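As written, the chain order gives the labels A, B, C and D, with residue 1 at the start of each chain.
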Amino acid sequence: MRLLFTPQLNPATESGWRRRWFEIIYHHDTPPARNFDLLLILTILASVIVIMLDSDPWLHIDHAQALYRIEWGFTLVFTAEYLLRLVVVKRPLRYALSMWGVIDLLSILPTYLSFFLPGTQALLVVRILRVLRVFRILKLTRYVEEGSVLTGALWRSRRKIFLFVSVLLTIALIFGALMYVIEGPEYGFSTIPTGMYWAIVTMATVGFGDLAPQTGIGRLITSTLILIGYSIIAVPTGIYTAELATSMRRAKGNERERHDNRGCPVCGLEGHESDARYCRRCGGALPELMD
Amino acid sequence: MRLLFTPQLNPATESGWRRRWFEIIYHHDTPPARNFDLLLILTILASVIVIMLDSDPWLHIDHAQALYRIEWGFTLVFTAEYLLRLVVVKRPLRYALSMWGVIDLLSILPTYLSFFLPGTQALLVVRILRVLRVFRILKLTRYVEEGSVLTGALWRSRRKIFLFVSVLLTIALIFGALMYVIEGPEYGFSTIPTGMYWAIVTMATVGFGDLAPQTGIGRLITSTLILIGYSIIAVPTGIYTAELATSMRRAKGNERERHDNRGCPVCGLEGHESDARYCRRCGGALPELMD
Amino acid sequence: MRLLFTPQLNPATESGWRRRWFEIIYHHDTPPARNFDLLLILTILASVIVIMLDSDPWLHIDHAQALYRIEWGFTLVFTAEYLLRLVVVKRPLRYALSMWGVIDLLSILPTYLSFFLPGTQALLVVRILRVLRVFRILKLTRYVEEGSVLTGALWRSRRKIFLFVSVLLTIALIFGALMYVIEGPEYGFSTIPTGMYWAIVTMATVGFGDLAPQTGIGRLITSTLILIGYSIIAVPTGIYTAELATSMRRAKGNERERHDNRGCPVCGLEGHESDARYCRRCGGALPELMD
Amino acid sequence: MRLLFTPQLNPATESGWRRRWFEIIYHHDTPPARNFDLLLILTILASVIVIMLDSDPWLHIDHAQALYRIEWGFTLVFTAEYLLRLVVVKRPLRYALSMWGVIDLLSILPTYLSFFLPGTQALLVVRILRVLRVFRILKLTRYVEEGSVLTGALWRSRRKIFLFVSVLLTIALIFGALMYVIEGPEYGFSTIPTGMYWAIVTMATVGFGDLAPQTGIGRLITSTLILIGYSIIAVPTGIYTAELATSMRRAKGNERERHDNRGCPVCGLEGHESDARYCRRCGGALPELMD
């Protein structure tokens, strides 16, 4: 599965309807391509809303037939779109195995599987598969350009964040085990994993309250855990802000670098602006700027 | 509805009481205008406190008559103020359709509507309408100058924040649907929207605890969701801090610009560095820099 | 009440025991003064621990007599210290009305008041007054120098934070009133102030769960409120970080300013380091640096 | 107990198997050393998972014998590793008293203690000791280099964070005592320490909801406490980000230092600016700058 995949036109079909559809589906800069994108987003949102409505038990009983048909309608539309994507692209298999190809397939598969797996037991399985169809909405991010700045900084922070999460899990494990011993099963801390779940809920300041310390020493340990969590909540923020600032400084540095590599032949001063033709100190002519 | 509206004096009434009242109501720099603003803010706060007291069932029963009269008193005062605003301004309709005009109207309308819709059923409707009167307090922000820096940075971050909220909602949808399938209606996750509500409550680290996972796998998924939420809580902070820093750097850039108000006497180029003695374009001698 | 008060020696007592004690109590740089500070901090902490132990109903019953005596012991010690402070300082009244003077008084007063107000009803009143004695611990911050950086940045941010809290309260009022109308008293939202309390608890991501939305529309509004709170949680962080960065930049700017005011008499170059005696460009002798 | 300990080879065993094992265990740069590290991490993780599974009451009953044997197996493996570490290092005692030496010992001791303390009463004690075995996972951080940047900034912020936590505890004490007086034992605020626990849970925005204010004045105080907590949640973030930025600036300063590696040929002064051509102290000509 490849994360990034640049779709290319099938050269055998340089002209004709396939070329036209390739540009409509995979490009985003012509009016028909933009209309296609917009229509697709609205269809995805509509299908997600139908899934959400279908999950309501009262609506499901009252409008079972209608919802079933709408569901199949959406599935057929997305199937047609999926096949079209495969037909017009140069390497259909590479697309099918790319991230978006897999998501496209996952968003239509469950409805077909529910067809081949009828019966009472399968019903529950289908419900699980059906949920995967909400992945359709992930397609939305494909259309947003601005996201790359935000995800870029997150991506470069991945090691630090992974390390941070590891430390968090270690602390959660130690405190979860402590609470399992101190509070014990009688107050709901029935296993160490349960204690870990409680420690994560507490340290991240969620605090459901389904599990809460009842003993004095348990409350003391909880207070300690909260103060630890409160003190290190600053760490991911610091990492991300620093990473964002670094990328800004690098961009600025590149800019300066570009117009910094000339020394004045007369007095030797460096650091001229990129449009300078004469030295600002001695007035001597500067060499041409080469990028 | 226009967000920003610069009130202008009606030119037909250049002199007389309308001019005087225009300056009192729409200006904020003369002593009478300041006293008017202060009086208005205090009246708004007093009326909001009365609404809050009226919501208490015991106070409502004991002082029904008195609260009803006070309510009408405030409404008449604000109506008079609203009419006065319309009379003295140049384009009354544009004011009425501006953001503050609509809020001014909404803050007096419910009481009048309760007059035309009497009876038992209307009582509940009036309650809803009455709540809108708290919009009066929004007027307060009009008087605070310092807010523009904070809201400005928020406004410039609007796209990134919108994108961030979209990603948040997508994650909430996927995890809400997962919990709907795994925990199911028997533990309160009765619909996918309910699951989404729970996922938002969890990811934003609110954690009411009215819905909480009971199964082992549900708790594992919850821990994952919390760690995701904890890792990306840094994103809005990073965005906002970066935006604030950018606006500061821009302000600094403006300042430097001010220093470099020298034009080259030969070619007229501006924007020289502060230590420059020769024009970087034509090599002509620059005048001395004066701060 | 004055926040800042620089204690001065009573000139009439330039020598003798009062001078010695003034230096021990109000100074912090000689060994006896340091020992006095340390002893005082430990005594304050011990008295706070005794108050905390006394609040436990079992300990209170079992050791009522002992705790009562220890309580009086601490009160007498702190009274002696308070009187000593008044005796050795130049202007006793100014000290008594300064912030620390008031706190010193408040930390001993409740025990004396419990003496003059006996009886069953008074018992509860004394409990309230007793709580004020924990103000003693505030004395601790007096000894920490490092706090001034942190509180300084908070103090300069006070207007922005006040504005931020005002906006927060306005949003809380609107959403609290909305929930009062939608959820109503049957789900615990009995008054608008109760709704405001719930909105603050929700927006600040505390989320006790004692009040939680039960209706679908209530949950939708809650999700909106949470996203608003989540988006603006970045604002105080941004304000504070920016204020800290500004104070750092200002400190740096002052430093550069200090050694920037010399121009080379030969070539005119500015921006020399503070220990420079010759121009780094032309080697000309620089004038003496005057601070 | 020493935090940092640089293991050295025993000079008496410059060659032979001990030298080989020393490099495998304490070094991390040769293929065998890397394989050893990986194997050790996987073994630690496996043993922690076994402890977690063992805490489940159903699994414990069904597989008591198997889990007991696996537990002993892990203990023997870690004991062998611990002894090997002691044998090959130059100063075994210093290693045993270093932080990692103590953790290594703690991670094997509980199982042996459970052997010498049989009986029903001892069972609970062993459970407590057993928990200490999760310290094994702390070994993991030893292998991560990136952590030093994050922990370094935390370590330099330790004083400010300690001060911040002190202020937090003081506020928690005052508000906890207030709630103890106002809400009282009938709503669960049975002691002042309980009130403190509640105040910490509230201020850090955890909000379990096991204790929640029921009276109007209690809710007003809670709202105040939440707003205080919300306003100062920015402080640790500001401290940490500032500390991270400082360390970056220092790194940048080092880089500049590197450029200015020219000493004055006349007086020997170093640390010149990059555009300096004459020594700023003696006015002697400087050599050309080479990058």
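The rule is short, and it goes like this: a residue touches a chain if its C-beta (ideal position, glycine included) is under 8 Å from a C-beta of that chain, and two chains touch if they have at least 3 such contacts.
It should be emphasised that the depicted structure is a prediction, and the values quoted were computed from it without experimental measurement.
J.: Please state whether C-D or A-D has more C-beta contact pairs across its interface.
T.: C-D
J.: Where chain A and chain B touch, do the two copies share over half of their residue numbers, giving same, or under half, giving different?
T.: Comparing the two copies, chain A and chain B contact each other through largely different residue numbers, since under half are shared.
J.: What whole-number Å value describes the gap between the mean CA coordinates of chain B and chain D?
T.: 42
J.: Once you find the CA centre of chain C and the CA centre of chain D, what distance in Å lies between them?
T.: Roughly 29 Å, centre to centre.
J.: Return the distance between the CA-based centres of chain A and chain D, expressed in whole Å.
T.: Going by mean C-alpha positions, chain A sits 30 Å from chain D.
J.: So which stretches of chain A touch two or more other chains?
T.: 164, 193, 196, 205-209, 233, 237, 239, 241, 245 - these are the residues of chain A that touch more than one other chain.
J.: Given the complex with chain A, which residues does chain B contribute to the contact?
T.: Against chain A, the touching part of chain B is residues 159-160, 163-164, 166-167, 170, 173-174, 177-178, 180-181, 185, 190-193, 196, 202, 205-209, 212, 214, 216, 219-220, 222-223, 226-227, 229-235, 237-239, 241-242, 245, 272-273, 275-285.
J.: Name, in rising order, each residue of chain B that touches chain D in their complex.
T.: Against chain D, chain B makes touches at 205-209, 237, 241.
J.: For the complex, give me every residue of chain A touching chain B.
T.: 48, 51-52, 55-57, 127-128, 131, 134-135, 137-138, 140-141, 144, 146-147, 149-150, 153-154, 161, 164-165, 168, 193-194, 196-197, 200-201, 204-210, 233, 236-237, 239-241, 244-245, 248, 272-273, 275-285
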